[in-house]
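The first chain written gets the first letter, and so on, giving A, B, C and D; residue counts start at 1 in each chain.
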Amino acid sequence: MRTPAVVVNFKAYSEVDGPRSLDLALTCQKVAEETGVSIAVCPPMVELSHVARNVQIPVLSQHCDPRRPGSATGWVTPSMIAASSAKGTLLNHSEHRLMLIDIQDTVAMCRSQGLWSIVCTDSVASSGAVAFYSPDFVAVEPPELIGGDISVTDANPDVVRDAVDAVKKADPSVRLLCGAGVKAGKDVKAALELGAEGVLLASGVVKSKDPYQSLLDLVKLI
Amino acid sequence: MRTPAVVVNFKAYSEVDGPRSLDLALTCQKVAEETGVSIAVCPPMVELSHVARNVQIPVLSQHCDPRRPGSATGWVTPSMIAASSAKGTLLNHSEHRLMLIDIQDTVAMCRSQGLWSIVCTDSVASSGAVAFYSPDFVAVEPPELIGGDISVTDANPDVVRDAVDAVKKADPSVRLLCGAGVKAGKDVKAALELGAEGVLLASGVVKSKDPYQSLLDLVKLI
Amino acid sequence: MRTPAVVVNFKAYSEVDGPRSLDLALTCQKVAEETGVSIAVCPPMVELSHVARNVQIPVLSQHCDPRRPGSATGWVTPSMIAASSAKGTLLNHSEHRLMLIDIQDTVAMCRSQGLWSIVCTDSVASSGAVAFYSPDFVAVEPPELIGGDISVTDANPDVVRDAVDAVKKADPSVRLLCGAGVKAGKDVKAALELGAEGVLLASGVVKSKDPYQSLLDLVKLI
Amino acid sequence: MRTPAVVVNFKAYSEVDGPRSLDLALTCQKVAEETGVSIAVCPPMVELSHVARNVQIPVLSQHCDPRRPGSATGWVTPSMIAASSAKGTLLNHSEHRLMLIDIQDTVAMCRSQGLWSIVCTDSVASSGAVAFYSPDFVAVEPPELIGGDISVTDANPDVVRDAVDAVKKADPSVRLLCGAGVKAGKDVKAALELGAEGVLLASGVVKSKDPYQSLLDLVKLI
């Protein structure tokens, strides 16, 4: 994924139920085309292939299970994601935590399928920890910033800098995304100046009354 | 779902990766049209909406999480399934077991979304147990028959009869599917004679070299 | 377990840390001896054998995993509970929910070890459901009453009556305990009149400043 | 814990059911006294306080849940372990895996209770990963050696050396235990020469016909 990258997590918001996931993905694509910024989208699980086959920007799964093809009813496998035309996956999101061993195994399985992996964490230590598995990205989401009104840079700029340092100590090739407290274009800019190579967004775009304008505002200083 | 019903679970078999899920769903639709038999399909999670929007037969999810719309990254919600044009879901499959309380809550949430629920079990007692939640169907899959070469009727016809009795004792409106040991048309016929109102199939169709012919053979005595 | 039965769940309250578990168990034993009421205690996991070997009243585990002896590091097996001198176990407590299949398997494993099982549920339907596995007791804890100030009999006496009916429909030999909303002796009496054969208590005794007097007050109308 | 350390995991083996856990712990204590080697024992959960109050050598829990005192029915809390007289706990054993975030939280909670933590892992990368949380020890158990007849030093001495390097890179104060493939005294010696500061043993002692002699043989070259 080209960086700086902006990843938009659609979650399971009612705003993206059904065909509206593709609508929002097309809006994100429009902003990517107009600004030249690298933007990826994570639609709800059941819409993944439908969105991935109808947009040109990278589409990512919101989650992946460490399961091989076969008798895995209801699970989401790396192989299934790859065949859907998606390019990668989030892992260990704060709303979908994984066992340590499953993070290890899923990152490795994704790599062998040519899928990018973005492992979410909630602390500097966990960011360093998962970097040992050499995922493409670590997305740090300090819990005190999730869903709140405080921006990551106002609150505690050290968490981004320290997370970059921890990640690079474990594996210099792994890149950091800032995954919470990004409310405005200036926060995106600040996150990049602190060493992040992108941001992970959700409600600020998905629940906006005007997602096109909100996303444009967020990426304009990149 | 009209009964007798034949439900085909695609699992995560590599035979249905990507666009091949829709191909197989169309094949199942062809058999349904030619024979008049009620056939439903359960594609992999990431293909759900793609398949559901392109076939006329009922499409079901392989799994559903008891989560409401909102911050539920990577989970599969009843609301999301309903919006995908699917008609219902499997629950508690032997490859994807659920907590008792989640079965209770998910069946209720599916009902309020107008979705059918098919709860899988592995025993007579569990079939009666989940029928207390009044799902549309219980699919009994005795573990000794899963994946084996023995048919449910040869092995132990009582398990079907007893499961029907247990289910009706808890809630007479709940219908039973026979979910394992169905290898040939005569097994489907026998299951129906024992009181089942349909069957849940997987590898016999999905991994067949000729799924059209295999499915036709299975439903021909209905 | 002789009925009517009063089961005291010590949970992980700091009031019973370390040696204080045995102290409280001895207090419960004193009340049992003085009143003749059947009282059982559920100490914290790590104190189980210590308490069970030092009191005469029945001691129960708070939880049990469906695991056999062997390579099961950190799990609590039926065999281990039996060898500790405890007489049975709670299962599926609202703070420790289990998969349906694990309730089924653990109840069966406990029975084969001669252990009583008390399966907790949160509704009439779930009470009927788990009774299909023929545990010794079902303890119904309606969520609206857990931890609150409303007693089960004031709030909704039907939930106890209906749970008894559901349980007996599935297996007439299974007995019901009332597991929430029991604040005073009159609630115990009312629960018994509604068809319960005992109660499951926790904070009212364990967090009381005078557990002896509190327990005495609770059992005095039995 | 004084190093080099030998930690004996009793698992849920039937050989240590009930009072036999204390018997084995006393045998281990005898070897510790006779040889001066630092030996710790991990009895089954329900025997923890009973063993911890009756031996002088360190007693460790086999597992710990990231739960605070209070409404945590059936869970094993750091506070409960500390109050039992045990000195620490294993975490994330291969038979009892944890979520990444729970490893992080439990290590921190154990530290604040004055408990040692030993986090088990199955690879070099995971050993480095969990060292970011600064537990007292990481115990690496390569899956190819668990339960087999191959010793860690014959099979692949690099795994121990590389795990030491990964751990020290994340936090130089964390020490490594070798947790699989230790069959004889020479394996213990070799593990220490490769940089491990102790070993984690199980069946070789617990399932031995003569645990005293087996443990003596294992520690004699330390």
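List of remarks:
Note that contacts are C-beta pairs under 8 Å (C-beta built on N, C-alpha and C of every residue); 3 or more make two chains touch, one makes a residue touch a chain.
Nothing here was measured: the structure is a model prediction, and the numbers come from that model.
Each step here moves to a touching chain, and the least such steps from chain B to chain D number 2. Averaging C-alpha coordinates per chain places the centre of chain A 37 Å away from that of chain D.
Centroids of chain A and chain B (each the mean of its C-alpha atoms) stand 33 Å apart. Residues of chain B in contact with two or more other chains: none. Chains touching one another form the pairs A-B, A-D, B-C, C-D. The part of chain D that touches chain A in the complex is made up of residues 92, 97-101, 103-104, 121-123, 125-126, 128-130, 132-134, 166, 169-170.
Only residues 9, 11-14, 17-18, 42, 44-50, 53, 61-63, 67, 69-77, 79-81, 83-86, 90, 93-96, 147 of chain C touch chain D when the two sit together in their complex.
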